[in-house]
Amino acid sequence: MIQDMLQSSPGMGNFVIFFILGLVLLLIVLGFVTFSILAERKVMGYIQLRHGPNQVGGRWGLLQTVADVLKLLLKEDIIPKLADRPLFILAPIIAFAPSFMVLATIPFTENFQFADLNVGLLYYVAISGMTVFGVLLGGWASNNKYSLLGGARATAQMISYEIPLVMSVLGVILLSGSLNLNEIVEAQKNGWFILLQPIGFIVFFIASVAELSRTPFDLPESESELVAGYHTEYTGFRWAFFMLAEYVYLFAMSALITVLFLGGWMAPFGFLDFIPGSVWFSIKFFFVLFVYLWLRSTFPRMRADKLMEFAWKVLLPIALGNIFLTALIKSLFF
Amino acid sequence: MSLDTLLSYNWGIMTPEFIILVVIALLTIFDLFMPKTMDRKILGWIGLAAIFAAMVTTASLAGGSVESILDDTFRLDSFAIAFKLLLLAGAGLVMFLAVSYGAKEGLENYKGEFYYLFLTALLGTMIMTSSGDLITLYIGLELLSISSYILAGIRKNNLKSNESAMKYVINGSISSAIALFGMSYVYGLTGTTNLLDIAAQLSVLMDSQHVYLLGISFLMILVGLAFKLAAAPFHMWAPDVYQGAPTPVTAFLSVVSKTAGFVIVIRILLTVFGAAATEGPGSVPLLLDMQDYIAVIAGATMIIGNVVALKQTNIKRLFAYSSIAHAGYLLVAVTTLSSNMFYSIWFYLLAYLLMNLGVFAVIQVVAGKTGSEKITDFAGLYRRSPWLAVAMGILLISLAGFPGTAGFIGKLNIFMGAFATEGHYVLASIMIATTVISYFYYFGVMTQIFFRPAADTSKFNMPFGILVVLIITVVGSIWFGIFPNTALDFMHNNLNIIDDFFS
Amino acid sequence: MELLNIYQNNYLIVFVFLCLGVLLPVVALYLGKLLRPHKPSEAKLTTYESGVEPFHDSRVQFNVRYYIFALMFVIFDVETVFLYPWAVAYEKLGVFALIEMLIFVVMLFIGLVYAWKKKVLRWI
Amino acid sequence: MSSVPASAFLALALILFCIGLFGALTKKNTVIVLISIELMLNAVNINLVTFSKYGMAPSITGQVFALFAMAVAAAEAAVGLAILMALYRNRKTVNIDDMDNMKN
Amino acid sequence: MNLNWVLSTLVFSPLLGIILLAFLPKTQEKLIKLVGFLATLPALVLSLAAYFHYLAGKKLSDFSVSAEWIQFRGMNANEPIFSVYYELGLSGFQLLLVVLTAIVATLSAIAARYVKKEWKGFFMLFLLLEVGMLGVFTAENLILFFLFFEITLIPTFFLIGKWGYFEKEKAAYSFLIYNGLGSAVLLIVIMILFAKTGTTNVELLSQMTADPTAPLSADLKLGLFIALLIAFGVKLPIFPLHSWMLRVHVQAPPAVVMIHSGILLKIGAYGLIRLGMGIFPEQFETLAVLLAILGVINLLYGAFLAFIQSDFKMVLAYSSISHMGIVLIGLAAMNEAGIQGAIFQVISHGLISALLFFLVGVLYERTETSIIDNLGGLAKGMPIAAGFLLAGAMASLGLPGMSGFVSEFMAFLGLFKVQPWIAAVGTIGIIMTAVYLLRAVLGMTFAQAHRKFDAIVDLKGVEYVPVIVLMLLIVLIGVYPSVLSSPLQATLETIMLGLGG
């Protein structure tokens, strides 16, 4: 059915249908975010030998985050007097919209993908880069020193780590010869790229942690240094959208890593093919997600200068070298 | 494209470029890893050696047939060799100036950068001369421009230098954007960026609508390149930039950069628009149709350059306007499209290179000593250093176009073309009249040098580099003034530019 | 025609996602407005500076380092413009492209080394 | 979307180019001037890409050209901003009209 | 015997002096002046030798040189589209001017003993100037002519601007600009001729313009001729274009004025005759009346203004304008007598003005003034100098037996034949000449003395050389005009042939 629709000429009807489907995904994602926050708290609680939410929210604190959301919704909305009002309002939207947009191109299973773009990977990289604007604008519009500093820091960090990120993924592109995420998955039929591209994977993973501003690279919003950073002045649902964006990115990035390096929906061995792709995808996806949570609870925060220098002096040269190593391997062995 | 294709190219024809490229990379690394205290002059000498080596290889490539590699994007023809030799010669002389540059707020901290940025700009010009494709042409142009922007602002703690660089960036970028916009239409009408293919496509252009579009693109390219040449009315940046930039950079901009500008003008205008038909195949080329526009620019450039130069008090601004005026003279040759156009432009650029670089060498010595750049600083130069004064006198006379110097023969060549073909009498008359106007300011400098008493009678110290430049330029100016055929015959016997364009 | 339709539909989906991404905050904030209290006061509207009275304008000049990193980003990010198509087409281009790209990246690397030695990469 | 004629893209490019040119020539703030120049270059890119799809003789070269133009534009912007920073440090202004230190 | 080398050596021999001077220490005043003087001698010797070669009845074409010089190439053609040759040659007219130049140059080198500073630079420029002048008169080719023509500009500019009197820079500038404009116009003419005909050889051009199939329309030729008239009119100078020349005469140092008035002005006349008449005879004829009127205006204007001057230098300057009027008058006659008169006038005025300016220099050296009133009673203090001054003035006003008479007489004779009315008006000028010159000279020599001349020395030693040599030549021409007329014969015939008479 979807195939037919895709082949029909685009029009208002298609738009409505896509809209409904997209809305479904949005709700799923929102649900995911709600519970991934809970999961994060729980996981961290267990790792650090303390309890996660257990007082409110029914069994295992399942409704804890639901309550959180409601609280945010009901909070008073304050826009500081000295803030740049239009930008202040715009910033969370700019930060959030791209995070959702990138989901459009990720192939969850063989058939479950919204937009099968030829330049899917490039699309992801390009659109995710836009979030920086939201962060920077938010920091600037607040007219608060902490916010400004946080925004600037966040921007510097994000753009610095974007370079190794895009460079490291070149190895994958070289091997698959395509930017289409589906084709990249197909290309992993004989071996996941995590095996062929270990260096690229490590660089990509580290850079992705920094892009997500998660520990150990959570400087942009280090409470103890910046009083929360670029969103200091935000309250209620406006603040929530910055958070939401982060978690949606977490979702998207986990999915992307699954697709790029872990073979997407494909089974690790041929004989396991009978298990459906969605299951495989979910397993891998949750594993990656778990690693992110794991990292957060075990690592201390890095020093700001180390952080920046790490991107330029370590990751970038390694990524550049990896490109040529891959190219060489490819022309010698493939 | 496999390894075979790679090896099948005759890479030898790119040797000069490779030499420069490798030396750029080496110099960058040397500069980075050399101890801070070490004198960076050695880098300059290495650069000079590279330029010399490139020159020798370029000369040794002369006389061969036209070759092109890399899918016709890089083309080595006589035109390229002839102008590459000029560019390299000019760059070599500027390098000598740079090595001996020791102004008070000098380049000490940035000297290393200076050398390799300078070579990068040179590489850009070389690529421009040899490119057979709009893309490489544009890349070469930008390589030159971007390096020049930085060079102009290399004294980063000097306000004038900053301003000069800023103005250069803004004007340069706008102009290249305009030219690029014009080029995009050319591409659109032909579907290719290869110059020869474009020419072939355009020669059979039929649709009048397309011709109209082509006309617009011609004008845009012309305007964009006129900025680069500092032709009026797009010359406003030149005086400020020349004044603010360090003297060797000014010399580079006014000579090498300008030469490269003319190279690209000829390449694009002649190949692309010389072939474009106005009304179907075989009709009058668009270039001839548009000749008047070039003529207007040429006339305005000569008049504005020479007249505004009259009231300058800063020596570098004066020579900025002077070089604007010279661009005007050269544009006359471009306008006339006479049969000796290449020879006259080439020879004039040679003469201009010699005389202008010599003048900048003197300016560098004098301004370096006094710390300011006023024309009055030259007062009594004859007393302080007769040889320097006489050298400057000869160079100025050559710039003014008096017989017995290369400047005269250059102008003679251009007149010849202007009168020979359809007779651009008005343009030629403007050229002669403005030449007379130019006597005022050239001789104004002479008055300071020879007639006025010196405020300070201390002697100059003449670094080796300056001495070399002065000897080469003065001797060259006179030699080519008296025996111009030594240069012209070299051109004629070893190179056949005409075939590159009309065969 | 079908390919074209698929192509266009794909981008229509992207557009839908954009709309959703913008609509969600707008709708949520609008709904929130109906629910949440609104009692502004002078103190609430001041800028937060750890409880101290705010002083000076907050929009101070950034440390110059931020700009330098921005410039570095511009340069390196745009260079990937050449790397991506190259990587995609690498199979067809072969060794020739490898060598070309090697030269390109060596130049890029020299740029990085330059910045490194000039202490541009040092934060603070 | 094939119903959109090539001329629409060209017109868009032309309008963008003119806006850029206008901005570059009239604005006082150097940063805005630099942005305007970028706008002009991007107009060129639109042209090139349009021509590479709908031109007289469509070819991929236009896209290649556009890529090069982008890279060059980035380099130009980087150099422009760097120079602007140097200027700002010495002069504390980004206003073009304040750049009048010469002419004497 | 092959005599090809003679002219090149003649023209470039002063360069040897320049090179020698360059290596002399600049404090050696005596030595420098000696070398400077000696360097003018080879040209003098060679030019006199050439003159006697001619007197011996041999052909002047023996001296012609022709060599390839510049080739301008065009598209594809292996043959150059335009060629310029290095061509030097002599005709009778040119021979006379070369001799005149050599003589005056040598004598001015003697006069240069009054130079007070920077002798080295002075003599180097002076010798360069000589190269230019000799080249102008021997060039057979317009480009070469133009080259030498411009070479005279630069040294003159510096000689005036650096060694002149109070307003030297202004004088130098007006000299440069007027002459620069003139030469610019000249260049246009040359280039158009070159582009249209493909040659710049004067002979060939003369033949070509006579040929009706040549690619030159009558209108173009007229235009070119008018341009030429302006170009040389500046140099000559013709009335509205003369103001620069007054300044130069007053401000330049004596040696330079001798050269300037004696020779440089003659380049204008030479150009008009050789190029104007030679290449465009028909157009010359068309404008003959205009030229005659201009000549008379020059004559009268110069004479009237000379009358009211208080500075003797100004008197001489206006007298030069006036005398150049006579040249024009002679030329405008378009007949043999007139043209011969004009050429005579060129040479005779060269000698006379050189003599007078030398004397002015001598006087100025001793009294530091050239104002007529201040010099009153000169005859008492400096009888010999005063005597020569008077003799010079007599020659200038055309006393029979001296060169001035011959030339003026023949010029007017020529004009009376064709334009009696204009000539009649012109004769007023002759009378005026006598009046103003006598007023000035007598005012200086015999008038009431306003100062004491006790300490002032009369002419002495080497100063006699120029005075006597010039005086002798003036008298020689006056008494025995055929020293000039016989070499001129051939030239005149050619010109008359061109004029169709």
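Going in written order, the chains are labelled A, B, C, D and E, and every chain counts its residues from 1.
Assume a contact is a pair of C-beta atoms (placed from the backbone, for glycine too) under 8 Å apart; a residue touches a chain by one contact, two chains touch by 3 or more.
Model, not experiment: these values are computed from the prediction.
The set of chains in contact with chain C as well as chain E comprises B. Counting steps between touching chains, the shortest path from chain B to chain D takes 1.
Taking the mean Cα position of each chain as its centre, A sits at the greatest distance from chain B.
More contacting C-beta pairs link the chains of A-C than the other of the two pairs A-C and B-C. Put simply, the chain nearest the middle, going by average C-alpha positions, is B. With chains reduced to the mean position of their C-alpha atoms, the one farthest from chain C is E.
Centroids built from CA atoms put chain D at 20 Å from chain C. If you average the CA atoms of chain B and of chain E, the two centres end up 43 Å from each other.
Inter-chain centre distance (chain A to chain D, centres taken as mean C-alpha positions): 32 Å.
Per-chain Cα centroids separate chain A from chain E by 95 Å.
In chain A, the positions touching at least two other chains are 10. Listed by chain label, the pairs that touch are A-C, B-C, B-D, B-E, C-D.
Those residues of chain C whose C-beta lies close enough to touch chain B in the complex are 93-97, 99, 106-107, 110, 113-114, 117-118.
Residues of chain C that touch chain A in their complex: 2, 5-6, 8-14, 16-22, 24-26, 28-29, 31-33, 35-40, 44-50, 54, 57-60, 62-63, 65-66, 69-70, 72-73, 76-77, 80, 83-84, 87-91, 94-95, 98, 101-102, 105, 108-109, 112, 115-116, 121-124. Those residues of chain A whose C-beta lies close enough to touch chain C in the complex are 5-10, 14-15, 18-19, 22-23, 26, 73-83, 92-93, 96-101, 103-105, 114-117, 122-123, 140, 142-148, 152, 155-156, 159-160, 162-163, 166-167, 170, 173-174, 177-179, 227, 232-233, 236-238, 241, 304-305, 307-309, 312-313, 316-317, 320, 323-324, 327-328, 330-331. Every residue of chain B that touches chain E in the complex is listed here, in rising order: 338-340, 343, 382, 386, 397, 402-404, 408-409, 412-413, 415-416, 418-420, 423, 425, 428-429, 432-433, 435-436, 439-440, 443, 446-447, 450-451, 484-485, 488-489, 492, 498, 502. Put simply, chain D touches chain B in their complex at residues 17, 20-21, 24-25, 30, 33-34, 37, 40-41, 43-44, 47-48, 50-51, 55-59, 61-62, 64-65, 68-69, 72, 75-76, 79-80, 82-84, 86-87, 90-91, 96, 99, 101-104.
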